[in-house]
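In order of appearance the chains are A, B, C, D, E and F, and numbering begins at 1 in each one.
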Amino acid sequence: MKISIVNPNTSVAMTGEIGAAATRSASPDTELLVRRSLHGPEAIEGPFDGALCVPGLLKAIRQAEEDGAMAHVIACFDDTGLDAARALSRRPVVGVGEAALHMASLVAQEFCVVTTLSRSVPTLRMNILRCGFERRCPQVLASDIPVLELHRPESGAWEKLSTLIVRALENGAEAAVLGCAGMADFSAELQARLGVPVIDGVDAAVRMAEMLARSGLSPSKRGGWAYPSRANLLG
Amino acid sequence: MKISIVNPNTSVAMTGEIGAAATRSASPDTELLVRRSLHGPEAIEGPFDGALCVPGLLKAIRQAEEDGAMAHVIACFDDTGLDAARALSRRPVVGVGEAALHMASLVAQEFCVVTTLSRSVPTLRMNILRCGFERRCPQVLASDIPVLELHRPESGAWEKLSTLIVRALENGAEAAVLGCAGMADFSAELQARLGVPVIDGVDAAVRMAEMLARSGLSPSKRGGWAYPSRANLLG
Amino acid sequence: MKISIVNPNTSVAMTGEIGAAATRSASPDTELLVRRSLHGPEAIEGPFDGALCVPGLLKAIRQAEEDGAMAHVIACFDDTGLDAARALSRRPVVGVGEAALHMASLVAQEFCVVTTLSRSVPTLRMNILRCGFERRCPQVLASDIPVLELHRPESGAWEKLSTLIVRALENGAEAAVLGCAGMADFSAELQARLGVPVIDGVDAAVRMAEMLARSGLSPSKRGGWAYPSRANLLG
Amino acid sequence: MKISIVNPNTSVAMTGEIGAAATRSASPDTELLVRRSLHGPEAIEGPFDGALCVPGLLKAIRQAEEDGAMAHVIACFDDTGLDAARALSRRPVVGVGEAALHMASLVAQEFCVVTTLSRSVPTLRMNILRCGFERRCPQVLASDIPVLELHRPESGAWEKLSTLIVRALENGAEAAVLGCAGMADFSAELQARLGVPVIDGVDAAVRMAEMLARSGLSPSKRGGWAYPSRANLLG
Amino acid sequence: MKISIVNPNTSVAMTGEIGAAATRSASPDTELLVRRSLHGPEAIEGPFDGALCVPGLLKAIRQAEEDGAMAHVIACFDDTGLDAARALSRRPVVGVGEAALHMASLVAQEFCVVTTLSRSVPTLRMNILRCGFERRCPQVLASDIPVLELHRPESGAWEKLSTLIVRALENGAEAAVLGCAGMADFSAELQARLGVPVIDGVDAAVRMAEMLARSGLSPSKRGGWAYPSRANLLG
Amino acid sequence: MKISIVNPNTSVAMTGEIGAAATRSASPDTELLVRRSLHGPEAIEGPFDGALCVPGLLKAIRQAEEDGAMAHVIACFDDTGLDAARALSRRPVVGVGEAALHMASLVAQEFCVVTTLSRSVPTLRMNILRCGFERRCPQVLASDIPVLELHRPESGAWEKLSTLIVRALENGAEAAVLGCAGMADFSAELQARLGVPVIDGVDAAVRMAEMLARSGLSPSKRGGWAYPSRANLLG
């Protein structure tokens, strides 16, 4: 079964990391189609970047669907363009952010999100509200590490995230969600060190996309995700 | 004072109607800059159309700001691209949808929205939640008239909207919000006929944009609306 | 156009300050009718004071309406007597508190209120809930400066408010609302110093009252604001 | 133990009925002080009436407290003046409306309120929200019988209330709250006929007032109910 | 009138303390039937203990009902088995937790719960949500004293609870609820010392059970509390 | 990998049907351990049945865990005993009800639940609130078919469920969740007939249990699901 992973930003390096993480999570019989948006921002930091990446994201999803993808993952924790993608696609589409939140709610009664920049927090809070997890996930904490510096050793990313999670645990969280698709590498070690579930959205979304595809479920076309009458506008 | 009105769709006719409605609402000393998106869908019916119109919308807002606009109105009831526009702009930005909801909440304890297509209802419900009006506005009703047919006499638009509002009043609403920028023409007559406040978003947004500009208020740059580091991507 | 500003307390000095603030905000073609309640408390600190000022407030509103006022502002941040006034009046009525909250929600995703006494906080929280801003405005902070001491230099009001706002910004707020009609003078300087929107309710309410009047909107008479059958009881 | 029952309207007949109902509910060792407001409206229909009755209500409460009342009941389902009364009093104060809602929530997971006029519904909805019962009590239904006609045989009150409750039961309610202090007489027969709990607020409030007084509990003076500094204004 | 108090755990000592507390609260004409579960955990610390105590609890309630109890109190702050008991019983059933929350909401606009172990906090938060008090009771604080050590002098229970309440008051609470049936002894002294209402659930529940019984109210059998068709399974 | 499916009721026939449904959903490399509670009710209809089945359910889970199960499914739509099971287990535990709700929320913005008896509706509404889906799933509809009659042809179950779903779709739902583990057989045909996603909880829960186990996630032991100190009480 083919599953497409679309990185809505244009960064080749980050697409590679996401692809590697997805590969670790995918079932043996899954063939991953890892794509990125071909135009737009190289990282998604705030709603302006989020808006500009959507046309490229939608093109990648349409292409993947023509190539036989049975489900799609939008590999940005902001779940950028999720509604538009679900309208365009006849296959399940899963955002990395929502997937992690759903997964966390199955292993913790209260959990936190730790993310990159403060400017992303309002978008994440809105997504949490949209999914219905506002009572389960009251803490959304920013590390103030830019997306593209997460993997530079001098960013101190791992330590900063660890410190934020410990503080959240003291304030009632029982698990942590890593709030950026670029943090996938950190989850295993943080979970081992902190002794609580640490959820990576890429892992969660790949597994949920497989699950939905196998269940024969796809977006309802009855409401806001009805197939667009102007799909040809994508060019 | 210059106020820009940006129609995020490309329809020349609808832009003209919106401009005419805005002119009726603007103060005598306001100069309106009425623009439209130059690429993208000619009507916004659902989240796919909504996503594709944003780049053109943002370019129009940037241009209007360079031309001296002191505030911006996004003239689509879906409030498409609102967060991205507020990040990009150093001036107040008001969506037609949110403006109408705020206005309605000052003249009715419970009110309804009547809109065009069912596929737009989930987007409107999400915006209502985002603004905090989910208790004040429990009814969002679709007339199933496409945006571009609102003004064709054979669409029966006026009658259908009137019937929907009457039903909403019987179910607890005390006022009605017209849920499409293309319905501005209907508000005065509906209000006279039905005897309850009927709020048009273009009117509400033009007045709120003037108000914010005169108050010296603009989007806080401290959170999600921080100025984007990749604004040059707009081209 | 005549707009009435009713200070629901009896303080002549505070009425003068509110009138001066309102004058700065009103349009050139607006004639302000600045009145105060003629009996009741000289400051509104808590729900007892709030209840006792309402009869005098309603009389002032009725008189202003007879004098030709096209809209009314209730110049207390508690929005005292708002429902009763909307029932009595055939013109728009705007509370200083709700006006500031609506205005803030157009320029910040999360904002705080800083007010005078702790005993006013529950009333403000209830009003925030009533308007639907409980998610947007989680922080309501008291400075513990009595209303009538705000302008005494030895009260240190400016410094205390500034410190409270800075703390709120660190906890997620992106803008601040001044939670007392007597704080109108502080907004410009605080906004300049802190670099975030600082909203004064008198300014917000005067502009919203003008806006509603010009839009031809008035309180729906269909629900709780139906004209009272015992209006003559006002004496 | 003395318990005061204050009818916030001036109707002698309704005060008598409330007193009779309260007498049926009070403990044998309770002495009831049944009072009414001496000025203001003779029925409370909407927020204007509600506001005008508060000064008289507060005077009656103060007098009852001086006469040794150990707790107070505000005998209007709107819970008019409740916060002001709790600030003024050093004894527990219970509103008829809140008492019935609390009682209902102990014997039904979902319940309805049936009241007199539509214009009272928004006030009741606000009180329901304030108490936290908005999920438990989604249906608030008006019979459109004026308060003072409830007991005229030709009003058909009993039948209308019964019909409204049956409809609410079909829509998910499991119990009914009678939303007017003047409906106390109907509860026993409606409960017997309909086979579900039917709660009268006068009964509920009298019992809760006794209960709080015996428990040694009184309004916290730490928040909004701090003793007013201008209590002498009552005259 | 007979009122049954069922301690859902098997501790003889704790049952004695609860019985003593209940006796102090009951009316002179109430005969208390104080029982405990005869099998299951000797303290209820978390949902596993909570689930295991229910069969024994239900048997005790059935027996008490056969013995003439007119109402039942479930004497665990977790309100363990409350829905099952209300289905089984034809008499009012009151949980110690919900009773304390209702009582607190009549004497404070915001209050806190202080309980024993952190592992009980999620259960209490869920109960608070279920009752509708999530806005009124945002703080649920654990002292980390096990239930059975509350009364050992070396546990320092009184001091720890006092410190927690003081902290909660600084953060907005105006009253405190003692979140364990074993804390009944502490309430009077804490209330005297701290100067705010301190509510003990055993006291609250005994009084509410009496009140409901006297009012002739019992659980609605129309919804989830319909009499079980397999009641004989209790053995 | 071994996954345990525990039917918390004692019905052999229903356990067989659930096992068959689970087998259709499980991965080829999953070995299912299908068990049932050995004492308690033969169907779970309301909270009394729900409470009585928990000890047997917990024993089955403990046994399955000793037998090597890597995750557990509680095969009752009420999610009976979920918290207790998560406390007891060191492996992921998924309830059939919550699994279906999570799955539905990934393919529809608004969905409904259709269940068996009215008496189960309050439990389901509480679970929906607990998960955070109260805005996404406002309609919970009962067919009034007892669990054990679902598969009798004369029950007309399929037609009744179909009619209920069609009505829900007209009222805003975009997908349907089958609210009983015994309805698994109906989902494929209903989905084909109605053209919207129809989600069966057994399918959803089996896939989510596999997913969580493969992700290396298990219940956080930091909060309410800490391992019980009295686990030996299970006997």
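What we mean here is this: a contact is a pair of C-beta atoms (placed from the backbone, for glycine too) under 8 Å apart; a residue touches a chain by one contact, two chains touch by 3 or more.
None of the values given here were measured: they were computed from a predicted structure.
**Student:** Going by the contact rule set out at the top, which chains touch both chain A and chain B?
**Tutor:** Chains in contact with chain A as well as chain B: C, F.
**Student:** Centroid from C-alpha atoms only, then distance chain D to chain E, rounded to Å. What do you get?
**Tutor:** That pair's centroid distance is 27 Å.
**Student:** Just the number, please: Cα centre separation of chain B and chain E in whole Å.
**Tutor:** 52
**Student:** Indicate the whole-number Å distance between the mean C-alpha point of chain A and the mean C-alpha point of chain E.
**Tutor:** So the centroids are 43 Å from each other.
**Student:** If I count partner chains per residue in chain E, which residues reach a count of at least 2?
**Tutor:** Expected reply: 109-110, 121-122, 129, 134-135, 223-225.
**Student:** Could you list each pair of chains that touch one another?
**Tutor:** Listed in label order, the chain pairs in contact are A-B, A-C, A-E, A-F, B-C, B-D, B-F, C-D, C-E, D-E, D-F, E-F.
**Student:** Contact residues on chain B for chain D in the complex?
**Tutor:** Residues of chain B touching chain D: 109-110, 135, 172.
**Student:** Within their complex, state which residues of chain B touch chain F.
**Tutor:** 121-122, 125, 129, 134
**Student:** Which bits of chain D are touching chain E when the two form their complex?
**Tutor:** Interface residues on the chain D side: 25, 27, 92, 94, 98, 102-103, 105-111, 131-136, 169, 172, 174-175, 188, 191, 195-197, 199, 203-204, 207-208, 211-212, 214-225.
**Student:** Can you name the residues of chain A that touch chain B in the complex?
**Tutor:** 40-42, 45-52, 54-55, 58, 81, 83-84, 86-88, 118-123, 126, 129-130, 223-226, 228-231, 233-234
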